[in-house]
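We call the chains A, B, C and D, going by the order they appear; numbering starts again at 1 in every chain.
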Amino acid sequence: MRPFLFLLITTLFSLEGFSQEPSKGILSYLDARTPKFDSMAATIWRWAEPGYLEEKTTALMQQELTAAGFTIQKAIADIPTAFIASYGSGKPVIGILAEMDALPGLSQEAVAERKPLINGGYGHGCGHNLFGTGSIAAAIAVKNWMNQNNIKGTIRLYGTPAEEGAGGGKTYLVRAGVFNDVDAVLHWHPGDHNSASPSSTLAYKVALFRFSGVAAHAAAAPDKGRSALDGVEAMNFMVNMMREHVPQETRIHYVIKKGGVTSNIVPDFAEVEYTIRTPTIDGLKKIWSRLMNTAEAAALGTGTTVNHEVMTGLYNTLPNETLARLMQKNLEKVGGIKYTAEELSFAEKIRSTVSSTDMPKIESAQTIEPYALNGLTSASTDVGDVSWVVPTAGLSTATWVPGIPAHSWQAVACDGMSVGFKGMMIAAKTIALTAQEIFQNSSVIQLATDELNKSRGGTGFKYESLAGDRKAPLDYRKQ
Amino acid sequence: MRPFLFLLITTLFSLEGFSQEPSKGILSYLDARTPKFDSMAATIWRWAEPGYLEEKTTALMQQELTAAGFTIQKAIADIPTAFIASYGSGKPVIGILAEMDALPGLSQEAVAERKPLINGGYGHGCGHNLFGTGSIAAAIAVKNWMNQNNIKGTIRLYGTPAEEGAGGGKTYLVRAGVFNDVDAVLHWHPGDHNSASPSSTLAYKVALFRFSGVAAHAAAAPDKGRSALDGVEAMNFMVNMMREHVPQETRIHYVIKKGGVTSNIVPDFAEVEYTIRTPTIDGLKKIWSRLMNTAEAAALGTGTTVNHEVMTGLYNTLPNETLARLMQKNLEKVGGIKYTAEELSFAEKIRSTVSSTDMPKIESAQTIEPYALNGLTSASTDVGDVSWVVPTAGLSTATWVPGIPAHSWQAVACDGMSVGFKGMMIAAKTIALTAQEIFQNSSVIQLATDELNKSRGGTGFKYESLAGDRKAPLDYRKQ
Amino acid sequence: MRPFLFLLITTLFSLEGFSQEPSKGILSYLDARTPKFDSMAATIWRWAEPGYLEEKTTALMQQELTAAGFTIQKAIADIPTAFIASYGSGKPVIGILAEMDALPGLSQEAVAERKPLINGGYGHGCGHNLFGTGSIAAAIAVKNWMNQNNIKGTIRLYGTPAEEGAGGGKTYLVRAGVFNDVDAVLHWHPGDHNSASPSSTLAYKVALFRFSGVAAHAAAAPDKGRSALDGVEAMNFMVNMMREHVPQETRIHYVIKKGGVTSNIVPDFAEVEYTIRTPTIDGLKKIWSRLMNTAEAAALGTGTTVNHEVMTGLYNTLPNETLARLMQKNLEKVGGIKYTAEELSFAEKIRSTVSSTDMPKIESAQTIEPYALNGLTSASTDVGDVSWVVPTAGLSTATWVPGIPAHSWQAVACDGMSVGFKGMMIAAKTIALTAQEIFQNSSVIQLATDELNKSRGGTGFKYESLAGDRKAPLDYRKQ
Amino acid sequence: MRPFLFLLITTLFSLEGFSQEPSKGILSYLDARTPKFDSMAATIWRWAEPGYLEEKTTALMQQELTAAGFTIQKAIADIPTAFIASYGSGKPVIGILAEMDALPGLSQEAVAERKPLINGGYGHGCGHNLFGTGSIAAAIAVKNWMNQNNIKGTIRLYGTPAEEGAGGGKTYLVRAGVFNDVDAVLHWHPGDHNSASPSSTLAYKVALFRFSGVAAHAAAAPDKGRSALDGVEAMNFMVNMMREHVPQETRIHYVIKKGGVTSNIVPDFAEVEYTIRTPTIDGLKKIWSRLMNTAEAAALGTGTTVNHEVMTGLYNTLPNETLARLMQKNLEKVGGIKYTAEELSFAEKIRSTVSSTDMPKIESAQTIEPYALNGLTSASTDVGDVSWVVPTAGLSTATWVPGIPAHSWQAVACDGMSVGFKGMMIAAKTIALTAQEIFQNSSVIQLATDELNKSRGGTGFKYESLAGDRKAPLDYRKQ
């Protein structure tokens, strides 16, 4: 690794002098349009639309990009709310990801105490209103710079729906081939700190296992019945023992979605949802095959039958250091968040609602974390699939007050007010500057591609979706 | 038992001569009004109202009884659809039970092939439209005879809602004391054969166990989570092992009503419904206490907490041979069902839709089964509670074509046409004749009461509802 | 059944007058030799030899029978301690069974308090010292009578080893065909009451399931290991759920014989012993096949492999009423046990060591229980196999003080003193008188054979041992 | 950490010049006595005595140390084979550990193919024959240098029995206080590479859980029985679910030692052995308390009772970088192993018996691994307890051909021939030189003690044995 990194660093230093001037234009362009993007983020935040149902959100995004001069491909990969907005032509092609879906049960006003907008409603607890808007801001800024400077190449904004839960939107986009001609993908994510250090995520697969048995009166003829719930519990039992015999970073979790209707009938149907996560795609396949065995075994041993439906499956994320170091440099140039007195007061109040023994300092919102190879996080994301087909890098910014966890009502609150909007613009600027540098020095692409091939174990890699040939679950959030 | 039975049989023979004449009046009275009661049964069958929601049914019943000269007490025991219709005064007091609720998912036309009236709707798969109407017919016939012959005593019709599922209507009526001054209770039930042989049913208790854990991101922080579903599964595990260590007639069955929401969150809530049945009320209490232990143990061993709500609880049915032999004699006098050619054709067709290796003969609808102490059936009924506080006897008649099981669409079909109505009138006549005999010879009541005291283990018995102090679950069928 | 029984009873009454005289000779012959047989029973009781290792016992038995004029076939069916002692020739052939093995851990002096002869040693807790000796007494008495009266036919004494536990001695004898030419088999068993009422026993099968996994350091490489104990526990789990779904009279029980060596190694071997019992041989085969499924399923679901070895298997016992009623009549003729003052004192003392809420009266040792079709007992015995190939009847006598359970130290104590010896001689007399009657009226054999064919479901029955082709487990008691 | 390490490194460099000369004396002293120590190691290897039964081994060790001028304290901490050999007086006190026990089932000749010396016998699969002898060599060399140079202070050799399995010998020594006045402890361990990098081990606790139930005839009265094996299985079930909810580095493993005697008796006794390992002592205590809950819960939920016996418990090992860096420097000075042609041939042959996809190069035996903070290994050792009360450092040397795993017959073979002896002398030299340096510059002790206090979380630490007050299990290897 050393020689490679040395070469890289040398390269980056030589890029440095070249890139400094143009960045100023981009930064001032975005500063001037901050109120407009803040307002767009606030609008999407209020809509808080579920995965694959982001109809108003995608319409607003497409309208803004059209107005800015992009060409739109709608409903790509047979997903109504997915789209590509393009500007320019030819190589290199740089893609920016824009997510848009909200989370159930997290509806919340932009205040520092629990107060739902709509009881039980959706809320942007993962900040995808910021993610989408910030990426669009970056794309528009890059387009403006390309236009003004006659830059060759293509900038694309990917409107990617349904990242959360069983959505897996990008999986279906990757499978449809819409990233095949892309040279680099940039993205970001809301967080409680500022960092462009790369980290891998866990490969991930979710399926429903449906057991069928024989109904019988549970008192009069239980010997005639075969309980489908027995099948589910037997599967769970064997899986719980399997926990001892998998690599320790593996995660296996399940819930029983259907466990019988009424206790006086032996249940003839039961359903369990399983998620498996593990660091590598190969490891995932092995454990998955053992999971299949537990399901078949449970059916055999309880006199029931079983089938399963894969709901979603995600690749682990491959870090790309070539791109990540570029992004880190630009993030450091842009800098962190400075709170106003009012924001500071909000920040202190909302932090007080979180009980943790391990809170980061509030000042950390202002600073950028040093670059490090962070290793593994226990999360999973459909960006993983993208990262196996295109060199990909992302960053996180402190849209959430330090110490606020993802998927919390506190995160929703931050995502709907100025603290979140400030973090969003830092991301927009960093992505725009990074794209600018890549357009200016396409050797970065070669280095990044070489690194990707190495990570994939050679040039023979062929992407196969973990979701198999199932269609995108467009109705997974419908009720 | 021998001396007692001998005395009984002697007594019954001496009753015999006395009772033969008056029965003719009752039989002809009912024969004359058969079309009216058939029509009433058909109307209630079409309504097919859920437990505790039998509003139209109870109104129609009360209207008929009022018209016949009964006095109505409405909404007894705080149950809106429960009522008592009374005629006469003083001792003895004879009660007749009239059920009225239908079953979910069994909506069906009165034809010999599966054809719902309303998809997914309720249907009278247990024939309570017949049960209610037939009992009312009997009560009116008895009243008429009492009136014409100046008979002393009281005849009561108990409109008893919500027998099915977690209804347990009569439990709450018994708890409210509305049977305290009754000397004998008579009832019947639709079936596929004609019999007045007594049999016990299983004592029965149902509860929901609700486990609470600690939610956590199932991938990022599973060690911080405590799965409520673990609690449920641990309880089930220990209960499944307990099956080896209970009397073999015991039945334990469960379904998981809530087993987590989504697999990427450690579930902080899960719910399992348990039913226990066993031949004796004492046995039930012991096993119930062990079930409580498994619940507490499961919580302790999985780091969760648990509470439970008793949904319903029913006593085993105490046979009363004194009354049962009287009823058998009268059933034999009334005789079985003769099919018309059309009914026979229907019967053959509907039997062909049932796959069974053990079908009774179609002719058995015409005959009465010989008296026997049938022992234990694996069913449970809220008549059990009544049978512990008043001497109680019932019969079943072949309202369903022989071989048709309860709670089937085939039963619904029979309950809505002439075959079912014929069976109903046989029951009405048998109950009326039996009540008549009791009024005529009140030494029967003393014998029946002595037998009840013996069965209850002495005179110290004090009824305590297995439902504790919970209110009747008036909304258990609401959606 | 009625006509058949009527015929039978008629037949038996006609036998009655014919048989009364000769019985006196047999009774006085046995009375005269009581001290000799008591002494023989005491000797075998002291030896208390394990199953298939009854070397001294079988030698003594053979010596007594040889001395009495029987011809011995040694080591039949390749079982060293099994033998047949024969006297006479031609038809009919009547066999008497003589058991001989003791039980582990029950060594006990013949006193009314717990006091082992040898700590942890074997003891005659099932009274087979009496069983064997009493049967030999009967055989010798019958032979004497045949000899004196020139009776045609053959009397045989079967020395049948290893009834207890996984012995199943008679199964291998039946399989070897040594009962093929026998017309009736008579036997008895020590008990705490006097009865010749027939009852069925449960069909029964025992196997060891051996799981193999992959050993691994449980801390350093648990993911490389596959625990064989996981396999065992998964099988048990599925079996525990299966308990709900078998006929309620079924019994399934298991112990884990090997569950790993040390916790810091993932166990690569584990072994569980299963017993299944259920009322019918057909039912047993079905449940056994489901048990096989749980084993295979457990292996599949835990990444292990499994094989199994059937240890033993027994047929349910077919009652033969023809023979049973004869035996009952003779038992009633012989009468029950009268205690001396000393025996009564012993009886009271030993009863006080048993805690039970349901003790029979001590006087019941004197009486004979009325004949009844007792139905099913939850025990199993290798007499079951015999009863499927020859009409078979047995009785029990009160060798144990009423209230003393089988397989207890109290039973051992009774089996070694006068109370047990008295019960033994009652059995000897009853069997001898019954054999005598059969020799005198061979139409009994035809009736008994017809009844057997009916019970077996026709004449097509072909015996197949549940033990398959495994050899008798001659070393199952070796240490 | 940085400033501290900088200070340390500076200090060590200043030590450097001072220490170089005297080391030559020690090295040549040990070189001259290599044959003697090889022979001692070979003798102990052949004896291969079990834990706490190392009688000949400890006698030989004590004899050698006495001959070299050490004073012996025998049978310290009530452990017959434990001893302390001392030379010198006053501060500083440096302790060297010497282990001595062998492993069951690993008896093996010193050849490159599987060939037991004694079938099923013990063998030195963890190389404690080398460990003990090498440490004694180091102690004698240091004593000789101290004597020649009038060095102030005390050198101690701790003869520490029973490291393997449930031995935990050092736990009892630490509890007895025999390390209380020691300033630094040095040790080593056989391995397949040369390294002084520190690494932590897992805290560890082992206990037997004994469940008691109620025996009953499994067919006749299973409802009267309560299976102790149910208790064990319920505990295991809840523990298997707990695996999801503990830190991922945690290890939980169990075997069932007693799972019932025979399947026709409901088992009234069952025993399961549990081991828990996790990175920190605090974490261990928390998980242990949850394990106790699963045991109690299992008893409650199955109607059984449970008690437990802690077999052993070990602290995690606290790395001491101050000492480790000193040791690394000396190890690098001493250097690795050079094979003769014959040894190379042996090495290649024995490596061919190991199937691994990840074999280190054979040449790695010659080199020293670079210093690194290795982090966590999944092993546990009773050196952990020592490391919490005295600053402790150890090294490993390539006594086993690279690629040979511990606890293998291949390791036994290496431990009994020249390859193992060469590794032993490298360790002896490194320990002696390190002790020499500490005597020469006692500021090392202050630094090491400060570091220990920091690691222990301050100065308030008070050692409490995880074994509680149980006595050393002196008979854990007796048969």
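Note that in this section a contact is a pair of C-beta atoms (placed from the backbone, for glycine too) under 8 Å apart; a residue touches a chain by one contact, two chains touch by 3 or more.
Remember, it's a predicted structure, so these values are computed and weren't measured experimentally.
Chains making contact with subunit C as well as with subunit D: A, B. Of all residue numbers seen at the subunit A-subunit B contact, over half occur in both copies; the interface is built from largely matching residues.
With angles rounded to a multiple of 5, the C-alpha fit of subunit B against subunit C returns 180 degrees of rotation. Separating the CA-averaged centres of subunit B and subunit C is a span of 46 Å. The mean-CA centres of subunit A and subunit B are about 56 angstrom from one another, to the nearest whole unit. Separation between the centroids of subunit A and subunit C, computed from CA atoms only, is 71 Å.
Residue positions 222, 233, 237, 241, 244, 248, 253, 266 of subunit B each touch two or more of the other chains. Viewed as a contact network, the protein chains are fully connected, with every chain touching every other. Listed in rising order, the residues of subunit B touching subunit D in the complex are 222-227, 230, 233-235, 237-238, 241-242, 244-248, 266, 290, 293-294, 296-303.
By the touch criterion given at the top, residues 237, 240-241, 243-244, 248-249, 252-253 of subunit C touch subunit B in their complex.
Put simply, subunit C touches subunit D in their complex at residues 165, 202, 206, 217-222, 229, 233, 236-237, 251, 253-257, 259-264, 266-267, 270, 272-275, 277, 377-380, 407.
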